[in-house]
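In the two complexes that follow, chain A is the common piece, with chain B as its partner first and chain C second.
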Partner chain A sequence: MSAATAPVAPAPRPPGAAGPAPGGRRRPLRRGAWWTPYVFLAPFAAIFGTFVAFPAVRGIWMSLHDWDYLMPSKPFVGLGNYADLFDPTSVVFQKFWDGMAATGVFVVASVPVLLTVPLLLAMALNRKFPGRTFLRAVVFLPYVLGVAVVGVLFRFVLDPNLGVLNHLLHVTRLDRLLHALGAGDPVPWLTAQPWAWISLVGVTVWWTLGFNMIIYLAGLQDVPPELYDAAKVDGASARQRFRHVTLPGLRPVLAFVLTMTVLASANMFGQSDLMTNGGPGTSTRTALMVILDTGLGQYKMGAAAAMGYLLSIGLGIVSIVNFVALRERGGTRRPRRARRAS
Partner chain B sequence: MSAPGGGARRTTAARRGLGSGVTWALVVVLAATFIGPLTWMGLTSLKSYGEATSSPPTLWPAEIDLSAYERLLSLDGQYPVLRWFLNSLLASSLHTVLVLAVASTAAFALARMRFRGRGLIFGVIVSTLFLPAFVFLMPNYLTIDALGWIDSVWALVVPGAAGAFGVFFLRQFFVGLPVELEEAAALDGANQWGVFTRVVLPNTRPALATLAVLAFLGNWNDYIWPVYVLFSPERLTLPAGLKLLQGAYVTDFPSIMAGAVVASVPVIVLFVLTQRFIIEGVARSGLKG
Partner chain C sequence: MSQSSRTPARPQPGPTGSSGLSRLSRRGFLAGLGAVGLGAGVAACSSGSPSPAGTGGSGGGAVDLAFWNGFTGGDGPVMQDLVDRFNAEHEDIAVKMTTMEWADFHAKLPAALTSGQGPHIAIQHLDSLPTSAARGLLLPLDDLASDLDLTADDFIRPVWDAGIYDGARYGIPLDVHPLGFFMNTTVMADAGLDPADPPMDRESYEAALDALLANGVAGHWMSPHTFTGGQTLQSLIWQFGGDLLDADGATAAWAQDEGVEALSWMVDAVHRGWSARDVGQDADIIALQNGQAAFNWNGIWSINTLDEISGLAWDVRRLPRIGSVDAAWAGSHNFVLTKQKGTTDAQLEAAQVFVNWVSQQSAAWAVGGQVPARTSARESAEFTALAPQAAIAEQAEDLRFPPSIPGIGDAIGELYTALNEAVLLTKEPREALEDAAARADQVLADNRDRYGA
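Entry: the complex of A and B
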């Protein structure tokens, strides 16, 4: 017994014990036991697995079944849910494509404004003048508010009879211009087209313009000032400097802003939900509203999951096209200036 | 990045700058565009119902009427805005703590350790960045249902806590820390946990603060998810409550605006106090590529 215990050669270090591990000096990147990294990753992995990875796969699985929350049996239907979305005689066809069309209108109407106006503002605020920092903060301010606040606020501001916008238009006589363009009296900002779309786009621009502006500003500060000086020496006009220095320097940032803005606009939900309730008619009922109503309102989750995946495939294609279009041409890499510590 | 620092350039720029009258006019118009609607929200919340719906509208309340707040700021009652405020505060605070805890540990492992499967894990996290949020809504609703978390604060705290953004964001900063700091600590006998808590975290406080503010704001403002996972009026968060208020009060705009004021004052205060972190965080999110 004693003979058996005596020669138990060097006791193995308990893994993870405090103190520098033997291999520490040779390979500084690998200290501690082999499982230490997994322990550090475990809390994130548990939540990520449960609420990101698992639902991503489960969503696909649901989309392949006639998955009704209220029904005990959820038969496998293969690609049937997807086929229904392309079958004009199916129940879901009309409302899904109406929703897709509404989302499409919103994307097409809002993205150009959200690309250009913040760029102009960023260029103005990139110059030095008194009040610049204040203005940057003020323009960004609405972005920190939630869509719920923005939605109920502008539901009130744009109210045809009680809203302050129509009052201001009346006082400044600008409403005559709108009447000449065919708007009713009072201007039906939320209850007739195209005014409802104009309102939804305008409010979204007011709300999120600061976000894009801040990203543009950071990008503008990465364009080397030497290039502007050189262009000036060469006699380039302001327009030429914008065309040949600013735009090429901003290309990667433009690609990022374009991609993010398209995705954000394609996810539009709260503005319509709170300001127009999808109306007039169903004209501002977006794809996301249709998906959520189908899945969580009527509990037809298989159909809704198929709609969601079809929309995300579409968005994926659009993102890739955007990115390739803006990234590839010229292939100039923006020179990185000194790393900014924060 | 911050405004001060270019003293010499500022004077020359100001001299050649926009004509100061025009500049000021533009500054005022822009500021009014962004602050005006928020001011209108605040002013309306202080008016009586009769005044708020009168035509033409008044700018300043003829007399300050706090009845909208009195109605809303009770803990019970039909529309307990004060309770929604506390629910939002609790959910967003817990969510922020959870995000910091799980994102920082995971980012440290991914930034500083070599281990089997690191590339794969990183790849999986990256790939989910390309899936839009709405794809997760329904499967997560079922998971929350199975866990018994429907109509509870946990539904608001946990599911969004493992976003890829937090890990990417912190990893950038952790990678940028000089390895020598960590080696010195290791030579002094610190294990990985010691290096993490005594070297990495204290040296990346601004990044952690930025992530904390962004996580808090995102959770506080979240709209779709709370609307679908919460039911009881006393369990709602402010955004979900505002939807309920709007449906109930219709044209009682002072009451609805009072609710909106309660929902926006905390984030506006947070923004004023932590502006630098928020703007820096947003700016960096676009500079990854």
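Entry: the complex of A and C
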């Protein structure tokens, strides 16, 4: 059904007439039957329903049971799995909250860097200079790597005794600086705190900053240059132009980047699983690692589902706070209208 | 003016000509992509079909069997060879082997079996056997064991016992893989040690480490990670006369004095400079390969890894005795038949033929870096000709295995946390072990409720 009707959609647009040609007249809208939009939505709704909505509802059901899908009895425990997460004497309490704390540390340490460094890079790469496209590609390149590649690569780069990094630091004598800061010899990049967190944040920044930079670049190109011209005429300094033109113009983009980055950082799993294996001790074992181990390692899927829901609720609240804090206030829509008028 | 200056940065190119061109090439690209996908699909189908078709041609309706394992190391090709030979010798049976990481294997197996897409035959580690049996994944094999003439006398006792859960046999032991004492003989010779006469007791072992240290080499890198620090620590606990769990398997026993002594010996090695500090994952064996360390206690599976490194002079022995008794950690691979809807009687029969056949190829399997589980195979001329394997197998009577209790992996995981904290010098050995034991006791109690033991 959906397969038969889907190809109809692109047909009315002859390929020759490229999109919104400047000054071109608009074609009258073609309206289909009332069910047309639903047919278009159907393929997505089917996938969303199968892989998101249904498992989410089933997860709530699971979290109310002592659930191991292979065991004959799956006793109903009500909110017991949730209560355990707030009961300091239960087996899961310490693990779960240690994991949540580790996730929190990572979010707090990585998000500010992942917000600012890509913005600075985007501003630098938004200028016109030879080799700009090449540099943009270079910065974006690590993002296409999978976490397995990044994790294993840096496990060897950062190995305290055999790694390239410590070798280079030693050759250049920069390790003395780190030793002065209290680092052991060799610098324990993956085997002691705070170095393990520094490594994990650093690797994550190297790996993902390209994505945020691309979003920022798109946002920067949407800030009307007339505003910069006007600000210059008014005698605004570079700093003032950044503060009063760039930042307000980027507000919606910032809200998006902040929300996505917080969610991505809170879902950190592969880096610490591969690079530190949750160590030293359990200090970098994130909430997701705890959930995976509980659900698929120890087969306590009910408890794992409850943990998952608690984490989701927490992230939902944080995301709402982010959006409210960065929402567009009255009057800030002016720049967009100004551009349209031009 | 300003508008035009921004245009090039936009995603859509201006001139219609180039746009049409890119559109065309994009369409061509997509068509090509589709063709490639289709081709891959066809290839996948065809690559899946030849084995049944090839064998079915002569036998007429061969029985298809799926066989899963986690032999991702040097042992994988050896097992594949065995499977190929079996398929060639048995025209009416077609075994298809699938190899994946052990971690994935344990996560995927239950789901695959419940959906009827799982294997008919699988390999399980000795310590995961009881868990899988308790969760109803496996078929009892008592009939097969008696058909195969398997007797307790022919097996190392703990290996034989570990296959039994709740009065029924679930596993047919294939091999044991103990920890061995690997050494870089070049580094030893440089420090004035005789590679032909390695230190085998505590006094000479520590003297050798001192000699290496005097030569500027941290001789034995203590890994704070499961592989292979976890196995080293377990071996030491047993050597000092301790054990992992109490006799009933109800509580952790590793925080008693023997366990503390064992872990303290590892931590002292770091303090004394016998070991590097902050050893990373796998860095202990890599250091031995690089000539930065002389000794490493590692699994027998490392034999093939070390063999592949050209110019590396190495040797292997049974573990030296650091504590009061000889003991070495070992694991064991076991054949299991899975409980799955849709398995036919013909498939069950064929599976038994396969297990029986491979079980008799123990010496061929030992080439992959394993010690045969059968005493008779260990004493065969074929096996004793494999020098490294045979050297490690000398300690067959002193091998110790993880306790076979459902969900034991969850509890032993806590010991690995204590190891990590102590060897990385963030906690005192006793404190780390006691904290870990308290957590493990809870896990054990929890698992007793779950598995009804």
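The rule we apply is simple: the second predicted complex is superposed on the first by the 279 of 342 C-alpha atoms of A that agree within 3 Å, B and C clash if a C-alpha of one lies under 4 Å from a C-alpha of the other, contacts with A are read in each partner's own complex, and residues count from 1 in each chain.
In the analysis below, a residue touches a chain if its C-beta (ideal position, glycine included) is under 8 Å from a C-beta of that chain, and two chains touch if they have at least 3 such contacts.
Computed from a predicted model, the values in this text were never measured in an experiment.
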Touched partner set for A:Glu226, first chain B, second chain C, both or neither: second
Touched partner set for A:Leu162, first chain B, second chain C, both or neither: both
Touching partner for A:Asp68 - first (chain B), second (chain C), both, neither: second
Which of chain B and chain C A:Val139 touches, first, second, both or neither: first
Touched partner set for A:Gly279, first chain B, second chain C, both or neither: second
Contacts of A:Pro188 with chain B and chain C, given as first, second, both or neither: second
Contacts of A:Phe86 with chain B and chain C, given as first, second, both or neither: neither
First, second, both or neither for A:Leu296, with chain B first and chain C second: both
Partner touching more residues of chain A, whether chain B or chain C: B
First, second, both or neither for A:Pro43, with chain B first and chain C second: first
On chain A, the residue positions that both chain B and chain C contact, one per complex: 16, 18-19, 69, 155, 159, 161-162, 221, 296, 342
Complex interface listing, chain A residues touching chain C: 15-16, 18-19, 21, 66, 68-72, 91, 94, 155, 158-163, 184, 186, 188, 190-192, 221, 225-226, 229, 277, 279-282, 296-299, 342
Residues of chain C touching chain A in the complex: 2-3, 5-6, 9-10, 12, 16, 19-20, 23, 107, 110, 114, 135-137, 221, 224-226, 276-281, 283, 286-287, 290, 292, 407, 409-410, 417, 420-421, 424, 426-427, 439, 442-443, 446, 450
Residues of chain B defined as touching chain A within the complex: 1, 3, 6, 9-10, 13-14, 17-18, 23-24, 26-27, 30-31, 33-35, 37-38, 40-41, 44, 52-53, 55-57, 98, 101-103, 105-106, 108-110, 112-115, 118, 121, 124-125, 128, 130-143, 158-164, 167, 173, 176, 179, 182-183, 186-187, 189, 191-192, 194-196, 206-207, 210, 217, 220-224, 228, 238-240, 242-243, 245-246, 251, 253, 256-257, 259-260, 263-264, 267-268, 270-271, 275, 278-280, 282-287, 289
Of chain A, residues touching chain B in the complex: 16-20, 24, 28-32, 34, 36-38, 40-41, 43-45, 47-48, 50-56, 58-59, 62, 69, 121, 124, 127-142, 144-149, 151-157, 159, 161-162, 164, 167, 171, 206, 210-211, 214-215, 217-219, 221-222, 252-253, 255-257, 260, 263, 266-267, 269-270, 273-274, 288, 291-292, 295-296, 301, 304-305, 308-309, 311-312, 315-316, 319, 339-342
